[in-house]
Amino acid sequence: MLTVETSRTWLSLFIEKLEKNENYLNTLDAPIGDGDHGTNMVRGARELRSKLAQEPPADLPELFVTAGWSFIQKTGGTAGLLYGQAFLHMARAFQESADLLRGLAGGLEGIQKVGHAELKEKTLVDVWIPVMEDIRNQRLSLERINEHVISTKDFQAKKGRAAYVSEQLNGHIDPGAASCGYFFEAMLEAGVYDE
Amino acid sequence: MLTVETSRTWLSLFIEKLEKNENYLNTLDAPIGDGDHGTNMVRGARELRSKLAQEPPADLPELFVTAGWSFIQKTGGTAGLLYGQAFLHMARAFQESADLLRGLAGGLEGIQKVGHAELKEKTLVDVWIPVMEDIRNQRLSLERINEHVISTKDFQAKKGRAAYVSEQLNGHIDPGAASCGYFFEAMLEAGVYDE
Amino acid sequence: MSEQYGILLVSHVAELADGLARLLKQAAKDVNVKAVGGTEDGGIGTDFDKIMGALGKMKEPEILAFYDLGSAKMNLELVRDLTDKKLIICDVAFVEGAYTAAALVQADTPFDDLCEQLQGLKVK
Amino acid sequence: MSEQYGILLVSHVAELADGLARLLKQAAKDVNVKAVGGTEDGGIGTDFDKIMGALGKMKEPEILAFYDLGSAKMNLELVRDLTDKKLIICDVAFVEGAYTAAALVQADTPFDDLCEQLQGLKVK
């Protein structure tokens, strides 16, 4: 169920996964970008952890506003701004109702408002949108998430740094898609999502 | 008469005029460029003086090769490269014959090879070409040179930094045209030119 | 000093932004040029707080902003949503565009003419 | 290291060239990038000897050169006439063009494809 408690677990698990996979995410970013995606995300993640420890947010919107600004202010890379923007828009949606799908739709809007990425442009959007589809069709699972992440191998980058070398990069997983996979794995594991 | 001696005087007078008018040339360059034309030219001029003092050139071509490299290596601005290129091409022409007009034609070629400026684009070319015309028509004088310099007031810059702000700059004398005026005044005063 | 327009340079690298500011100031002594670059810890990236801070220190009501790579633009867009100033994000060649804009602001060029000249430098 | 292509950055300001090199190296670890900027005495301008010297230290037979303003290009043209290397002067947006080229050389992109991608960044 989507509550402020399960969502705190969600974000905490996300932070842990980012920390555990910092090097892996950097490695994914190296050939197609500048090799810093893991380091960037961990910067934002640690900021979020310390903010949450300082003062626990009262409700869902507050939690996601805190998450949003942590990533915007500390990540220093494209993806951090996109995640930050996503979280701020999720907070806005949660102000209306504690509805997971509406929240994620708001988040997508935030990502696209700033990044203008569509499906199959080799970005985190290629995980975010199919995951929303899976929730709608009640068939989200760790396997599905993983498939979405891996699907980015076949896409040609159209946005961000990777676009500069797009044709050379078929066969590489997009680093932002990979971190987005962790975000949704964490969501499943935290029990936020219930069919 | 054009000899290595009169030409040394020519260049020495040019150096002196540049030094005396360093601030004035900077002032002309400030509104239309970056305010360094005088300083740039003096850098090249001083290098030339010290090279000439070290080892006096044996002949006309050698003199102008020395002048060319002094300006190319030390001026640090567009005009220095153009004057440098002009002098190198004059040296080449003087290798064929000690003919002033042919030398100046070679110099113009050098300037245009690098800078691609045509008449009325508010550059030193707007002094160089009319002076050649005046020599052909045997009517070169200090007054004529001055008129050519002043004529650049009415031209719109198409080359170099001034081109960025061309329309705003009607009424300003081009700094490169002004230094070029000194070059030809020096030529007259040194007795290089005889009708 | 142009009282109306300021110029904000945002790069992923501090030296790049600072060096460009130096180039601009030479041609535009009376234009306020602020440079922001790098992450908080001196790394390569752009920092929202730094940009916001630099903008806050600028007195001019309208700011022409130039950036190197796309993520700097995203940061600028976030900042634009949050500032009272008119932040004009210019999708032109970073160095060439900022240089042209600085020279034109210095020469008191009307804003429409400035935009027209920048059009030719659009690469983003 | 790309053995075939090196990248030469020429700016009027030393920090600008150095900062840009830092940006490029992050995306192109194995590409040789040399930065040259400023006059001999640390002023703003370009220095023929410095450019020639930097080029002399590069091992690659073909060098893609990028520059900020026109007079840097003139200097590069003089250098091109005097060097044994193939010096390819790229009339594209300084930062965006050099970044793109570095990323493409790093990815071993064929030269023709690289040129085609740079075409879109022509502003000079």
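Think of it as A, B, C and D in the order they're written, each chain with its own count starting at 1.
Note that in this section contacts are C-beta pairs under 8 Å (C-beta built on N, C-alpha and C of every residue); 3 or more make two chains touch, one makes a residue touch a chain.
Every value quoted in this text rests on a predicted model; they were computed, and no experiment measured them.
Asks: Quick one: point me to the chain whose Cα centre is farthest from that of chain A.
Replies: Farthest by centroid: B.
Asks: By number of C-beta pairs in contact, which chain pair leads?
Replies: C-D
Asks: Take the average of all CA coordinates in chain A, do the same for chain C, and state the distance between these two points in whole angstrom.
Replies: 30
Asks: If you average the Cα atoms of chain B and of chain C to get two centres, how far apart are those centres in Å?
Replies: A distance of 37 Å separates the two centres.
Asks: Rounded to a whole Å, what is the gap between the Cα centroids of chain C and chain D?
Replies: 24
Asks: How many angstrom lie between the CA centroids of chain A and chain B, rounded to a whole number?
Replies: 63
Asks: Which residues does chain C have that touch at least 2 chains other than itself?
Replies: 26, 44, 69, 99
Asks: At which residue positions does chain B touch at least two other chains?
Replies: 34, 36, 161
Asks: Graph shape for the chains shown, where an edge means the two chains touch. Line, ring, star, complete, or other?
Replies: other
Asks: Run through the chains and report each pair that touches.
Replies: Those chain pairs which touch are A-C, A-D, B-C, B-D, C-D.
Asks: Quick one: in the complex, what on chain A touches chain C?
Replies: Contact set of chain A toward chain C: 34, 36, 40, 72-78, 81-82, 85, 114-115, 159-161.
Asks: In their shared complex, at which residues does chain D touch chain A?
Replies: So the residues of chain D touching chain A come out as 26-27, 29, 99-100, 103-104, 106-109, 113, 117.
Asks: Where on chain B does chain C make contact in their complex?
Replies: 30-31, 33-36, 161, 164-165, 167-169
Asks: Under the stated contact criterion, what part of chain D meets chain B in this complex?
Replies: 39-40, 43-49, 69-71, 74-75, 77-78
Asks: Provide the residue numbers of chain C that touch chain D in the complex, in ascending order.
Replies: 11-20, 22-23, 26, 37, 44, 68-69, 92-96, 99, 120-121, 123-124
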